[in-house]
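Next, two complexes with subunit A in common: one pairs it with subunit B, the other with subunit C.
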Partner chain A sequence: MIPLLGLIGGVLVGLLWGPDVPVALQPYLPIAVIAALDAVFGAVRAVLDGIFNDKVFVVSFLANVVVAAFIVFLGDQLGVGSQLSTGVVVVLGVRIFSNVASIRRHLFKA
Partner chain B sequence: MTTGPTSHRDETPPVTTPGRRPDESMTLLTSMMERPLDPGYAAAAAEREAAGLPPSTGTSTPTVLVAAVVIGLLLTLGAVALRTPSSSAIKAKANLVSQIETRRSAVEKQSTQLRAMQSEVDKLQALALGQDETSLQTRLAALTLASGAEPVRGPGIKVVLDNAPGSDGTSADGNPRTDAQKDDGTVFSKDLQVVVNGLWEAGAEAISVNGQRLTSTSAIRFAGEAILVNYRPLARPYTISVLGDPEDLQVEFAGNDGGAYARALKDNYGIRVSIDAADSLTLPAATSLTVREATVPKPKSGAPAATSTSTPTSSTSSTSSTSESSP
Partner chain C sequence: MNTDRPDPTGSSWGTLLRMARPRATRANAFAALLAIVLGFAIATQVQQTNQSGLEQLREDELVRILDDVSQEQDRLASDTRELETSRDKLISGVDSSSEALKSAQERLDTLGILTGTSPATGPGIVITINDRDHKITAARLLDALQELRDAGAEAVQIGDVRVVADTWFADVDGAIQIGGERVSEPYVIKAIGDSATMASAMEIPGGVSETVRGDGAQASVRQTNEVAITALHSLSEPRYARPVPAPSP
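Up next is the complex of A and B:
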């Protein structure tokens, strides 16, 4: 319940306050969003597995976002930004789907 | 996906059988697919169990709340920031379109004004020259006719060139630059040049393309995908109005290089070419004429008239500056 309230609160803050993201940071937003989703689904699965740990969750979330942004940044500097972004999206996407499949098995036993 | 519904893949670590696993070369993919959950969760849970605590910390901790707020904020920011550029691009495009339209209409208005002023200049010129300078007057009339400084009317022919059917010069997304096979059925500036030169050769007295009068200083050229005549972009179809004897023009044009070129365009590329006689054509005056050189003629009867001798427009040099137009 608490995480859901926090999520809704964050969305509301984003909508009402609506800070402008600097243009320099905008290329990293999509990757950061996907990294955050990966951390969220991993956390949900951990909760269902009964081994959730808040510290691990926060650290994995921050590390995901930072590393993903760094990879995209590095790719931009090397001139292969879009390819590296694709790589990040593929890896995180596979993880998200596997975790979602596991969550689904937990919830629906199917 | 070979695990049963009750067994979790994390609890059954991959069996490390002696020897090589058959999929050893794909360990990265295997670990990615089979162990998507952060191993840190399992390790932390094991530590807590060893310390006598329940394996899970539960989700109702301040850390989780803060993290959830941050994630919600991040999702919203991403959605908002990545959605706005498209709408601002649309706005910018509409702005540009309206700018183009205003400027185009401004150009139209100024050309009309320019033509009015030119005819006024001509009237004043005739007045200044008076009745006694008949030789100058006739020379002036011949020069203005040849240079395209005034509108002309008379019989002639109309040559219409248009892109081949099916090649509109634009692709499905409306962007002419992304069209792969635009080259075949499209009228190029070179086609217009050759046809126009053929028409001059056939004895044309005056020519205009889509209302742009051709003079000795006119250029037909390409800018991107558009054909420019007198630095003004034209839209297809390209109508070439030619003044002259309709029959002679058609016969001569059919016989010379320009006519042969037009037939080749029609036969080889499917470009639509039509030639029709017209009883009465009106060609507008050229708007981009400017005096380049002017001399004072030797006064024969003491009249203070100054005319240009070897210029596209012949007009008195004091008033001629009004007939300049910058395209």
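Up next is the complex of A and C:
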């Protein structure tokens, strides 16, 4: 419950404050958000599987974000930033879909 | 939570609710913090995407936009050139048509004086011939006219008759007819031109004045700065003569 409230509170803060994303972070923030969402859905699935672990969640969250940002950074350095960004988004999107499918089966048995 | 043997759906929802319950562990606080950061990042990124202009676009998109703008600029520049050209044409057209109107007006004035359809005024002389005994013949007046034209007369009027190219002189029943009109004594000849030249042409030995005196009449010549020739000659359409078309340049 607290993380959900935190999510809503963060959205509200972002909407009300509305800061500009620093130019250096602009390529990485969208990917980082997708990676974090992947971690969140993975955590919910782990809860339903009964294997949730707070520490694992925090570490996977941070690792996901850092790795995703690093991949995009590497892609930018190699000159394939946009393609690699697309690839990361596809991979994370597939993971999110599979996590959501697992959650759905747990909650709705369907 | 529920019973020992919960229905499967209830079990899953229960697990979720149990986990969602606040727990004062450090990891849970971390999770909450990460959730806040995630929500903040999502909102920020969404706003950034909404308000982003060109800086969010990739290089190829920027190149495409630049191409579009360049083409639009070229098109507008050529439009501008066309419009300027037609504007210049219109302006010069106004100029040339007013120029043509002016020269046509000048030509009309010149032709009006030559053909006697316009009144004329200017410096010149007035010759008055008193001929009570009717000694003067039409030939004498024609001589006087020739002398005046020789001296540069530009417009001539004898009595009430404007003298032009097709004016003729005749003696009819002891009177003088000029262009079909009877002209009675005294004969007043008005001529516009260089007054001194015309006056000396009249007065030279053997000239008009002397000849008229020899005929037994008196002629007086008066120079003036303002001779008004008001008699008009009405033009008639030529019946036989046709202009030769000018060769095209």
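Please note the rule applied: the second predicted complex is superposed on the first by the 110 of 110 C-alpha atoms of A that agree within 3 Å, B and C clash if a C-alpha of one lies under 4 Å from a C-alpha of the other, contacts with A are read in each partner's own complex, and residues count from 1 in each chain.
Everything that follows uses one rule, which is that a contact is a pair of C-beta atoms (placed from the backbone, for glycine too) under 8 Å apart; a residue touches a chain by one contact, two chains touch by 3 or more.
Bear in mind that the values here come from a model prediction, so they are computed numbers and not experimental data.
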item	value
Fit-or-clash call for subunit B and subunit C when the two complexes are aligned on subunit A	clash
Partner chain in contact with A:D54 - subunit B first, subunit C second, else both or neither	both
Touching partner for A:A32 - first (subunit B), second (subunit C), both, neither	both
Which superposed partner A:N99 touches (first subunit B, second subunit C, both, neither)	first
Touched partner set for A:R45, first subunit B, second subunit C, both or neither	first
Contacts of A:K109 with subunit B and subunit C, given as first, second, both or neither	both
First, second, both or neither for A:P19, with subunit B first and subunit C second	both
Which of subunit B and subunit C A:Q83 touches, first, second, both or neither	neither
Which of subunit B and subunit C A:G9 touches, first, second, both or neither	both
Touched partner set for A:V91, first subunit B, second subunit C, both or neither	first
Stretch in clash, subunit B with subunit C, out of 4-12, 148-156, 256-264 or 310-318	148-156
Subunit B and subunit C footprints on subunit A, overlapping residues	1-15, 18-21, 26, 29-30, 32-33, 36, 40, 47, 50, 52, 54-55, 57-58, 61, 109
Of subunit A, residues touching subunit C in the complex	1-15, 18-21, 23, 26, 29-30, 32-33, 36-37, 40, 43-44, 47-48, 50, 52, 54-55, 57-58, 61-62, 82, 106-109
Sites on subunit C touched by subunit A in the complex	8-9, 12-13, 15-16, 19-22, 25, 27-28, 30-45, 47-49, 55-56, 58
Parts of subunit A lying in touch with subunit B, wherever the complex brings them together	1-15, 18-21, 26, 29-30, 32-33, 36, 39-40, 42, 45-47, 49-61, 65, 91, 94-96, 98-99, 101-102, 105, 109-110
Residue numbers on subunit B that touch subunit A, as the complex places them	1, 5, 8-10, 32-34, 36-38, 40-42, 44-45, 48, 55-61, 63-78, 80-82
